[in-house]
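Accompanying notes for the structure given below.
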């Protein structure tokens, strides 16, 4: 992802990106049923770095496993690249945590762009105060060892019913998280910026009282004329 | 609904209305599992204007369908009467949006009283800032075309497991949404105002330390005496 | 529970308590899928006082049942001990309320420490403003009579898939609620205070940029030395 | 329940009983989502004898608990009256067994009329060959100790979202299980026998090609005449 | 649908039809989570005739509604065309019945090709013995009036998350039910017959021990040669 | 697994194995919510060979992917060892198939011991007639490409909420499927054979009318004496 694409994706919504992907035949890129713990932050944008959990078997997951410096969860937290988004496959099971406040803080300090799980975080009240975006299904205090064993780093996974391939561009806003296939990121970002300009124009017009038919989409010539004028006036 | 009934319904809670309907044998009028995007607003009150979605078949729902000025979703947004509440049957499926920020803004500008879906809205962070009440299950960025095809306007529907007949009086507060059958609206509104006066009295007494037994319900004569005095003092 | 244990439990998180119980072979003490209505409050700590609902049969649950001063729900609200936490088995069914604002207010006035249901509360916007912690699944306006009949007080129950025995110590924070078996409360509280000191130290170090491997858990000698120094410096 | 009522209930369907109870305002007496393991048997009819499970806490439920001759599950199996139906509240959780082949065999040998759980049975292939009706949600091999602790015998419970009071008359057929409140059993049984006669008549007529309008219900005079003749002819 | 298409669809599986539709971009035509009550019958094939239920409001659905000869459920049963398949939108709610044995018998006698609901049937043991195919989610004894109000006949509906338009060709086998859009029925039937011939050939080869790679799909020239010979030999 | 262990596991039930594992602290080895398509077969026993699906992205999963002889699904079908059990992680999503009749036939012909998915099979009526055991959640006709992309072979996975490590011993009977960790297979098989002998003895006694208390478990000395005699008499 070039820096320009990242900058563009900071300015568009996951809803707009969904539509851009829908036009390309990709109907299932929005991670289902996750929400931001800290919804007031700017967009989260970065390539996916993934972690895969499988169900925890009791004998393999005593509290002592974290004494091992090679434990995948701990390795992942140190190796997730700066600017990346860690995406965790928790099999949509929020009955135990996917990670907690300390690990998420470490990711934040290392310059990671955000974290997403289709399970839940513990220490969620702390994470809600962090400046790195985090998304989950619901708070979950039990240690991950209760139900989750970290197994793989940076392999293709499912998260919230969406395929996530390492390097896909993950974008989050206050609504949720979308996964943009890597090879489409540049063109989708560019299109989404254009779509956002038009939607901002439409929103302004609607707030002034204009009907949507003929305006959204702009089937009336006048709508297109007005939008062109608006772009000039706004410098967009 | 006469203006007086609307005014009354602005002052009572969905919980009180549930009880008033329960007394009349209607046990299933509270829309399940929807919540307000903007919970700080006054009550939402208005007659139901409905829209029905069915599952979207891919070939019938390309992005181009909105070029048709007769598309039911767009027609509905322009025809929903001022003061009405648009209620959408999304088959409790929030995996794609029921509507987005621009359409909801248009409804608001047209003077519609509110909007309810048993699915989800996209652009939910925007809608959360609007001054028209909106209720859904959870945010959902994918365009409605992904899973929903708008089919009918103003027919009887189900929404959150509740029957909604056009013209039923829909009331929302920070707790959720209740559907009051049209023919009961006046009497239920009147009764709910009375119940609310009593509940406010009880709440005050409880906060002063009074036990609930004998007070709520007022099986003790003294409770009824005190309430009568309270009404006089409060002018209610 | 001695006062010292209560004081300790006011200072630790449910996440830390989960880990302390996990170490003792108790993997399933966190009540699933409940959340605080008023998350800004101090911890909720107190012994469990339970109420058990069964499904309501229509003929046994007309509105008039509350005229009976012996109705278990009303008796429970008056008999739940000061300092206790009322925990309600609502069979994870939030389609009707477990209790409402007036009853919760009465509990608060009586000095009860908090209330938990695996169903929902009505008058939830009011309860959200109370100073007594309350936890539920989601708001639910219908009167409890719609679906729930209060049957037993202070018997062992299930709540959110967790066994709750009367007298177990119930602790809630902004994340959720955990049930600590009564006989373990003192030792778990003590251990959790120690764990919290260590986690606070780790969090500080992480925010300064220190890696977690070797620090959390402190497999490096230096981590233990630094923690010892930190404790002296902080007086913990 | 008098023997005559039992005999009548052996000849009617749960569907017919549902309608008879619906007419009396009882809409929620059919146990949801249970099915017979051995659907070829005659009806199951008997008064409810209940067992209540709560979630199992690990330290209270080692395998050794069954050494205790007072363990409620084992006591229940020996004390459930001959002719009764054991109904188990498993909190709709079939992830571990409610009972297994040996206990169910013991009930059968003791003359118990049947067994119902809203969880699952283990040894289900054996139970499927028994001559005592058994109903559950799905097979479940894990021992009940994994998730269930037997706590109470013969108290009111919920089973499959239905209230079950000890002594209620439980009727099962190949479709499922219904709970008839004890005080209504005689009248409902009598009415169901009448309804069944009429439905059998209608079924015969329909199979001969007669339309249902005017026949079912018999709004046409001719339908009532024909039914009267049919009853005479059939001796019913 | 011409008679030839019907004949072809009698000989192919829903699995094969799913693949034929998948190739045309239709990924969501298999009705989810329904199963045959009588799986030993020939395929069910016919154009869809639909019925739409909404949630039942208590005051609108007393037992007496069936006295009205215009009640949509009864009208539908008499008007569903011979050779059609009745498809019912029960909002995936099987807690009460969609229809019962008498109505299904009437449809069968009238020459209807089959019936499908995404809810449940009552009198299911009877229906399981009928010679007309019937599909549902699970048996459900309560009368439809408990939860369902029949509202519309032959409008577009959702059934098991699939769009069903009147006239779409509905095909059922022992696996389940698929909805073929009307305009595609002829071509899809023809293609499915071809695919079935090939799959039958492959199945025979596999049973003789041939590996699937190169055979299925037939990327090896030899596979195509052998299939051509097989067709000649079999006269298909 | 030595041949003796396999032979033993052919004679014991998944229920007995669950208890043997429960005694060793393994509470979560029974695959949840799968059932046999062909329940009349002997037990399924073999080491796990796994396949992992992730959600299918549309552009990566056109029908043409099977032209690739390296497609993991097809490779897995040819490489799964004779005597092994193929276990598929379908993320508990049965909306599209995990595999179909031809692939399952190929596995059977290759001498594979069985197949398990926590999704569904297509061509399930055919598979139900095979002599190789197959387990799934429910029939599902849509091609796997609709929702599943095969990614990995023989890596640790989750299946029905259970951890499955390659080489774990998978046992299926008419009740369901259990996963025995590889290192425990010999001792658990031996113990299960012993337990089965005792349970068979108990079952016989119960069928003669003996009470379970003191017999099961055999806390009475007489029970142990009788069992010893029974073993001699039966040669077990």
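General remarks:
Every chain is named by a letter (A, B, C, D, E and F) in the order it is written, and numbering of its residues begins at 1.
Quick note on the criterion: contacts are C-beta pairs under 8 Å (C-beta built on N, C-alpha and C of every residue); 3 or more make two chains touch, one makes a residue touch a chain.
Predicted model, so just to flag it, every value in this text is computed and none were measured.
The minimum number of touch steps separating chain B from chain D is 2.
Residues touching across the chain D and chain E pair largely diverge in numbering: under half of the numbers involved belong to both copies. Listed candidates were D-E, C-D or B-E; the one reproducing the D-F interface, defined as more than half of contact pairs identical by residue number, is D-E.
Inter-chain spacing, taken between the CA centroids of chain C and chain E, is 49 Å. If you average the Cα atoms of chain C and of chain F, the two centres end up 39 Å apart. In terms of their C-alpha centroids, the spacing between chain A and chain F amounts to 37 Å. Rounded to whole angstrom units, the spacing between the C-alpha centres of chain B and chain C is 31. Residues of chain F in contact with two or more other chains: 27.
Counting only pairs that meet the touch rule, the chains in contact are A-B, A-C, A-F, B-C, B-E, C-D, D-E, D-F, E-F. Interface residues of chain D, counted against chain E in their complex, comprise 13-15, 17-19, 22-23, 27, 30, 32-33, 35, 39, 173-176, 178, 199, 202-203, 206-207, 209, 211-214, 216-217, 219.
Chain E contributes residues 63, 66-67, 69, 74-75, 77-78, 95, 97, 100-103, 105-106, 109, 122-126, 138-143, 145-146 to its touches with chain D in the complex.
Of all residues in chain D, only 24-29, 54-60, 91, 93, 149, 151-152, 155-158, 161-163, 165, 181 touch chain C in the complex they form.
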